[in-house]
Amino acid sequence: MAPAGAKKGILERLDAGEVVIGDGGFVFALEKRGYVKAGPWTPEAAAEHPEAVRQLHREFLRAGSNVMQTFTFYASDDKLENRGHTQRFTGQQINEAACDLAREVASEGDALVAGGVSQTPSYLSCKSEDDVKTIFKKQIDVFVQKDVDFLIAEYFEHVEEAEWAVQVLKTTGKPVAATLCIGPEGDLNGVSPGDCAVRLVKAGAQIVGINCHFDPETCVKTVKMMKEGVEKAGLKAHYMSQPLAYHTPDCNRQGFIDLPEFPFSLEPRILTRWDMQKYAREAYNAGIRYIGGCCGFEPYHIRALAEELAPERGFLPAGSEKHGTWGSGLDMHTKPWVRARARRDYWEKLKPASGRPFCPSMSVPDGWGITKGHADLMQQKEATSQDQLKSKC
Amino acid sequence: MAPAGAKKGILERLDAGEVVIGDGGFVFALEKRGYVKAGPWTPEAAAEHPEAVRQLHREFLRAGSNVMQTFTFYASDDKLENRGHTQRFTGQQINEAACDLAREVASEGDALVAGGVSQTPSYLSCKSEDDVKTIFKKQIDVFVQKDVDFLIAEYFEHVEEAEWAVQVLKTTGKPVAATLCIGPEGDLNGVSPGDCAVRLVKAGAQIVGINCHFDPETCVKTVKMMKEGVEKAGLKAHYMSQPLAYHTPDCNRQGFIDLPEFPFSLEPRILTRWDMQKYAREAYNAGIRYIGGCCGFEPYHIRALAEELAPERGFLPAGSEKHGTWGSGLDMHTKPWVRARARRDYWEKLKPASGRPFCPSMSVPDGWGITKGHADLMQQKEATSQDQLKSKC
Amino acid sequence: MAPAGAKKGILERLDAGEVVIGDGGFVFALEKRGYVKAGPWTPEAAAEHPEAVRQLHREFLRAGSNVMQTFTFYASDDKLENRGHTQRFTGQQINEAACDLAREVASEGDALVAGGVSQTPSYLSCKSEDDVKTIFKKQIDVFVQKDVDFLIAEYFEHVEEAEWAVQVLKTTGKPVAATLCIGPEGDLNGVSPGDCAVRLVKAGAQIVGINCHFDPETCVKTVKMMKEGVEKAGLKAHYMSQPLAYHTPDCNRQGFIDLPEFPFSLEPRILTRWDMQKYAREAYNAGIRYIGGCCGFEPYHIRALAEELAPERGFLPAGSEKHGTWGSGLDMHTKPWVRARARRDYWEKLKPASGRPFCPSMSVPDGWGITKGHADLMQQKEATSQDQLKSKC
Amino acid sequence: MAPAGAKKGILERLDAGEVVIGDGGFVFALEKRGYVKAGPWTPEAAAEHPEAVRQLHREFLRAGSNVMQTFTFYASDDKLENRGHTQRFTGQQINEAACDLAREVASEGDALVAGGVSQTPSYLSCKSEDDVKTIFKKQIDVFVQKDVDFLIAEYFEHVEEAEWAVQVLKTTGKPVAATLCIGPEGDLNGVSPGDCAVRLVKAGAQIVGINCHFDPETCVKTVKMMKEGVEKAGLKAHYMSQPLAYHTPDCNRQGFIDLPEFPFSLEPRILTRWDMQKYAREAYNAGIRYIGGCCGFEPYHIRALAEELAPERGFLPAGSEKHGTWGSGLDMHTKPWVRARARRDYWEKLKPASGRPFCPSMSVPDGWGITKGHADLMQQKEATSQDQLKSKC
C-alpha cells in the first residue's frame, strides 16, 4: 500500500495520456444486494451497513477501478429529508462515513477518492442560486475535511445547475469533473451537448462528460458532441463517460427513467461483458480517457473495460486472475461444444436471445413533456395520491 | 442470535408445513463479483477471499434465506485437480473454510447450514461406483466434522450418480435432500422425472427436487412430475426447487449449458423480481415448500420469493426494509409518470423490452447429442486443441 | 389441352407414387383482392365476380397446382343465410358457377377438379345427424351434376362431423379426401389425430390429412401422427396437408383463429418462399404426397412447393419461367451486394427481421375454453351486442 | 362509364383540394402472382399475359385508385436489353400494351391514366445527358400517341436524372409528377429532400414527392421535408407519396434494397390494413393529397387508404362492399372472442407478433458504400461471377 500522497493525481494521469477506469453505480448495485431502496435511492447504507459498501468498493477496485467515488449520491440534506429517509443518520454522518470507506479501499490499491455531488430537489423546485449552492457547499465541507483527491459534479439534467455546482466545487482548489445525464438532444432546457460542455469548462471543470440515463453507445456519441463543442470554442478539457449498463436505443430526451421498465424490469437490457469491451474501445477511440460506468454496472462490467484496454495500459486488473480473456476459461469445459465457445469471434458475433418471446425489443418511453418549473415536478413529501394515479392510469 | 441448537431442523420445518426459502447460486454471483472463474467454476474463494463469500451469505440471509449452503460446489478433489486449479488450497481446506463461513452467517439469523455435493468428473469418465462414492465420502467427512445441519446432493444429470451420493450422505444420519438438474424429458439416460424421484426417495432422500439448468417455470413443472411419481408409488417426500434466474423456453434436454449464450451472454434472460414472485407463487401452489434458486439469483431475487410468500409465512425478510412491495417505493419519485408505476398491476402486466432490436427472442441450443460414456466427455487436462475447435466451427 | 377424360385420376396418381400439388386458400387471397368479406368468408364471388376467381385459379395452375378446388367454401345454404349474405345468388347458383370456373381452368392444364364441403353451423348448433347430412347432400348434388373429379371434406374441427360428410360423399362413387383443421392435440372433443384418421379411413376416405388452422410445421407433424395411427390399425390411406401460410408456433388447440392477430394483422407471420420449400421437403419426407396450402397461400407459395419437388417430379411448373431458383434471378442485379444474394445458402440461413421493434414474436391466444354445444357457440343472426363485448373486454 | 374527356384532370383535382388515391406497385404484386421475374423486374407481362395485368388494374380500381399507372416500369430499351429479357416483344410493344390496359380499366371508373418513366441503367453507367434523355423520349412517344392523362417520373435515386426526365416529360404539355426513391438523408449524391424538391419544381414538375424504397412513416417524413424546402423557396407544388408496404425502420440511405431480406424474405415486414390507415391519415395531415403505394401494396392496402379518408372524400370505394370498417365484419363470427375483435380500438392497439421467435426485429443493411460512377455499378450483361461472389461472401 502506497501512501495516498504518492499516487498520481487525476489530472496528472489524464495529462500524461493515461486511461483512468472509473467505478460502477452504487445505488443500483446495492439495491440488488438489499441495502438501497429504489425510489428514494439515498445512500444511508454508508453509515448503516458499511461492510456492504466496503465490499462493493473492493470489488470495483479488484476489477480495475482507479477511482472510488464516495457513496454520497443524493446525500444532500434536502434530498435525504424529502425522500422520507428516517433520520437515524444526519447527512453529515453519511457523507463522512462514505468518505472513510472510499479512502480505506482506495488505499488498498491504485485508486483515488472522488467526492461527488448531484442535482438537487431544490433546483427542480426553483429555489434560488444561493439556496442551491448552499446545499452543495454543505456536502463539500465534508469532502474537504476528509481530503478527497478530486471532486465530481454528476447527474445533472440542467447545465445551469451543473455550472453552479462546479463554481462551488472550484472553491476547494481540487480538480473538478462535471458530467451531465443528457443525450444528443441536449439538456432539459434544450442546450446542446456542445454548448453544455463549453459552459462547464468555462465554469472551471477540467474534465467534462456524461453519466447515467443512456447506454454506452449514446453516451459516447454525446461526449463526442461535447468534445467538438469544446474544441470549436478553442478550449481544452479531458473527457469522461459513465453510462448505464442497460441498452437504451428507444429512449427519448429524458433517458431511461421514462422507459416503462424503469427501474424494476430493466434486466433484459443489461449489457454483456462483450458489449462492455466494445464500449471501452469506442470510448477510447473517441478520445475519452476517463472511462467508467453508472447504474447497472457490476464489477465484471468494469473488469471488461480494463481488459479491453489492457494492451494500451500494459496490465490487467487483479480480478482478471478469475477471468479468461474472450471466453478462454471455457477451453477445458466438460462439454466439447461449450469448449468451442472459447474464442473472441464467437462472442463478438453472437446475438443473444432474450428468452422472452412474448416481449418486444423496444418500448415507447413514458413522459408527459414537462420539465423544471412545472407544478408536477415541485417536490412533495406525501406519497402519490390516488387522484394523481387516477389522472394518468 | 439464537444458539444453533435452538433452531428447528429442516425436516421439522417442512413437516410443520413451513415454507423454507433457499439461497441463490454462488458461482455465478461470485463470478460477476470477480471471485470465481467461469469454466472451472471452482470455489477456492471460500479460502482465498472469505470476506466476499461471507458478504454474499449475509445478503442472502438478509433477503430471507433460511439455508446457507456451504460454498463447496465442485469442491471434490478430482474436480479441483482436473479444472487446473493451482493448488494453493487443498480440497479439505476449501471445504472447511466454506463450512465455517456458512455457519458464521447462519448463526446471525434464522438459517440452517447445508453441506452440498454435486456430480463428479469421475462418474462422467465411467469410474466405478466405489471410486465415485469415495469422492463423496471425502467431502462429507468435513461436513460431519463441521456439524452441518443437513446435506444436499445437487446438480446431478444422471439419477444413478445421485442415488450413489444419497447413499453416502445417508451414512451420516443427517437429513438428506437431493436435486437433479434435469427437465421434463428426464435425466440424460432418459429416466423420467417421476422415476428419478422414486429412486431418490428409495435411496433415502427426504427432500427431492430440481436445481439449475432450467428456468423456474420448467423446474416447477418438472418437480410436479416428480411429485406425481412419488405419490403414485405410494411414497412420501418433501419437494424443493432451485431453478436458474434465466428464462430458458428454448432449452432442450441438457438445459442452459447448451444455449449459445452460456455462460457469458445470458444477461437478456435474467428474471425480474416480478418474474420471481410469480415463480414463488407457482412453486407454492405446486406443493413445493423448499423454494430457492441457483445460477443467476441475486439477493433481490431471493427477497422477492420471501415477499411473495409473506402472507403465508406471516413476516417479511429483513431486506424488505429497503424495498417497497410491488414498486411502492416509487410513490414519491420526482417524476409523476414514474410515481404512476407504484402499483402491482403495472408490473405484473408489463412485457419488458430487451433493448436489443437486432437480437432474437429464442435461440437454437447447441449440443452434439452425446452423454456420459462418450469419448468426447472423457475428462482431459489439456485445453481444447485447435483440431477440436476446427472440427466443429 | 387434353380432354378431361384423358387425365389420370387423383387415386391413380397417388397410387403411382406421384406428388400431387394442391392449390392455395381462396377466401384469404380473394379477401386481399377485394372479393370476399372477412367474417362471413362466403364465396359468392364465384357468381358475382367470376373473372377474379378465374384469374386466381389460373395463377395457381401456372404455379403448379394439380387440383382446382371449387370455390365453394362455406357455400352451404345454412351458412350463406346465417352469415348475412344478401341473397343475390342462391347456394346452388354459387356452387354451379364455382364448378364451371374450376373446370374451365383445370382443362387448360394438368389439373383435376375437386368439389369441397366443410363444417356447418348446423353441427355446431347441435342439429341432428340427418339435418347435417342433408346440408352436405345439397352441395354434393351440384358436384355430381357438374361431374367433378373427386371430393374433399375439409376444415372440420370435430371428427364426428367429418365422418358424416365422408359418408355422404361416398355415396357418389367418387374418390374422397378428408382433412381436419386440428393440431397434435386432436379434435375439439379431444380425439387424437391418429384416432381421427382411423375413423375417417373407416368411413371411406381414401386420402386423409390436415388443412388450415396451423402452420406447415405443425400440420406435417399432425399428419405424421395420423399416418402412425392408420398404420398401427393395419389400414391404408394416402396423406395430404394443406396448412396455413402463417407461422403459428404460439397456437393452442383451436389454431390461428384464437390468435389475437386473426384475421387482420397476420401479415408478420406470412411464410416466405423458402419456408415453403422447407415445408414441401418435410411433407415429402413424412410420406405426404398430396401437398398444398390453405389460408395465406399466394401463387408464389404454391410455385415454391412445385420447385422444391421438381427433382422428384422431373419438371418445373409453368410459372418458374418467371422465377430464378434459390434467388438466381438476382445474379444480374445492378448492385453487387444484391447479386451476392443469388444463392441457396444465403436464403436458407437468413433469419428475416420483422421491421417491428415494438412487437413481440409470439402472442398468447385468446379463447374462452368452450366448444361445440356451448351456448356461446349457438349461431346467432344478430351482430355481437354491446353487452357481449363488455363482458369480455 | 363516363367518356375519358369528361373526367377531371389530375391538376384540377389537386387544385380543388381533392384527395387522389394512387395505385400499388405492379412488379411486386405480379411477381407473387407469377408474371414478373424478380431481379430483372421488367414488365413484359403487359404484352405476354394481359389478363393478369388487367385483373390487377381492376382490383386497384375497385379498391379506390384514381390513377392507373401504365405498367411500364423499367420498360426502357436499355433496361429490357440489359436485364436479359428475351426479346419476344419490343419495348414499344410492351409500352403500347401497357397503355391500352390502363386505359381500358380506367374507363371503367373514375381513374386517370398516367404514363411512367424511371431511372435508367444508362445514367448509372455515366452516359451523357443526351443519351439518357433519348431513352426517356422513346417511352414518351408512346405515351403521347396513346394520349395518357398525365406523366410520372418516378423511382429516381439521383435528382439530376429526375430533372432530365422532367425536362423531357414537360415537352409533351401534359401535367408532370416527379417522385424520388430517397429518404430523409437525401439523394445518393447527398442533395437534401428540400433541395431535391425545389430542383424538380423548377424543372417543371407540378407534383413532387417520394415513391418506393422506404416505409410510409419515412416517406411522409421525407415529403414533409420536400414541402418545407419548396415553401421556403417561395415556390408552389402538389405533394404525393407512394411508399413501400414494408416496415423499414432499419434502412440506411439506400432503402430496402440493402436490407438482407430484399427481395425474397420481406414478408414479416408487410404492413397491415391498419398500418395503412395510419399512413393515410399522416400523409393527409402532412398536406399530401396524392396518396398511393409502391412495392408490396396489394389491393386491400389501397382500399384501406380510401376507407381512412372516406370522411374527407364523402364516399367509400366499391371494394368496401366486401370489407367491414375497423373489423366490423367479425361481429357475427362464430366464436364470441373473435366477435370481440370487431372494434377500432382493438386493432389500433394490437402489436402483432411475428410468429418467428428465432428472428430479430431489425436487420443491419448491406451496402458497400458506393454509388453512381463506381466501377461495381457499371452495367454488366453477364451473371455475377464466382470471383465477384467470393470477394464478398
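To keep things simple, chains are lettered A, B, C and D as they appear, and every chain counts its residues starting from 1.
Heads up, the rule we're going with is that a residue touches a chain if its C-beta (ideal position, glycine included) is under 8 Å from a C-beta of that chain, and two chains touch if they have at least 3 such contacts.
By chain, UniProt protein names: A, B, C, D = Betaine-homocysteine methyltransferase.
Being a predicted model, the structure only gives us computed values, none of them experimental.
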item	value
Each chain counted as touching subunit C and subunit D at once	A, B
Contact-richer chain pair [A-B vs A-C]	A-B
Subunit A-subunit D separation of Cα centroids, rounded to whole Å	49
Distance from the mean Cα position of subunit C to that of subunit A, given in whole angstrom	58
Distance from the mean Cα position of subunit B to that of subunit A, given in whole angstrom	32
Interface hub residues of subunit C, defined as touching at least two other chains	250, 351, 357-363
Interface residues, subunit A side, partner subunit B - complex	31-40, 51-52, 55, 58-59, 62-63, 82-84, 121, 124, 215, 246-250, 257-274, 298-300, 303, 319, 321-324, 327-343, 346-347, 350-363, 366-368, 376-377, 379-384, 388-389, 392-393
Touching residues (chain side subunit B, partner subunit C) in the complex	351, 357, 360-362
Subunit D-touching residues of subunit B, taken from the complex the two chains share	250, 357-364
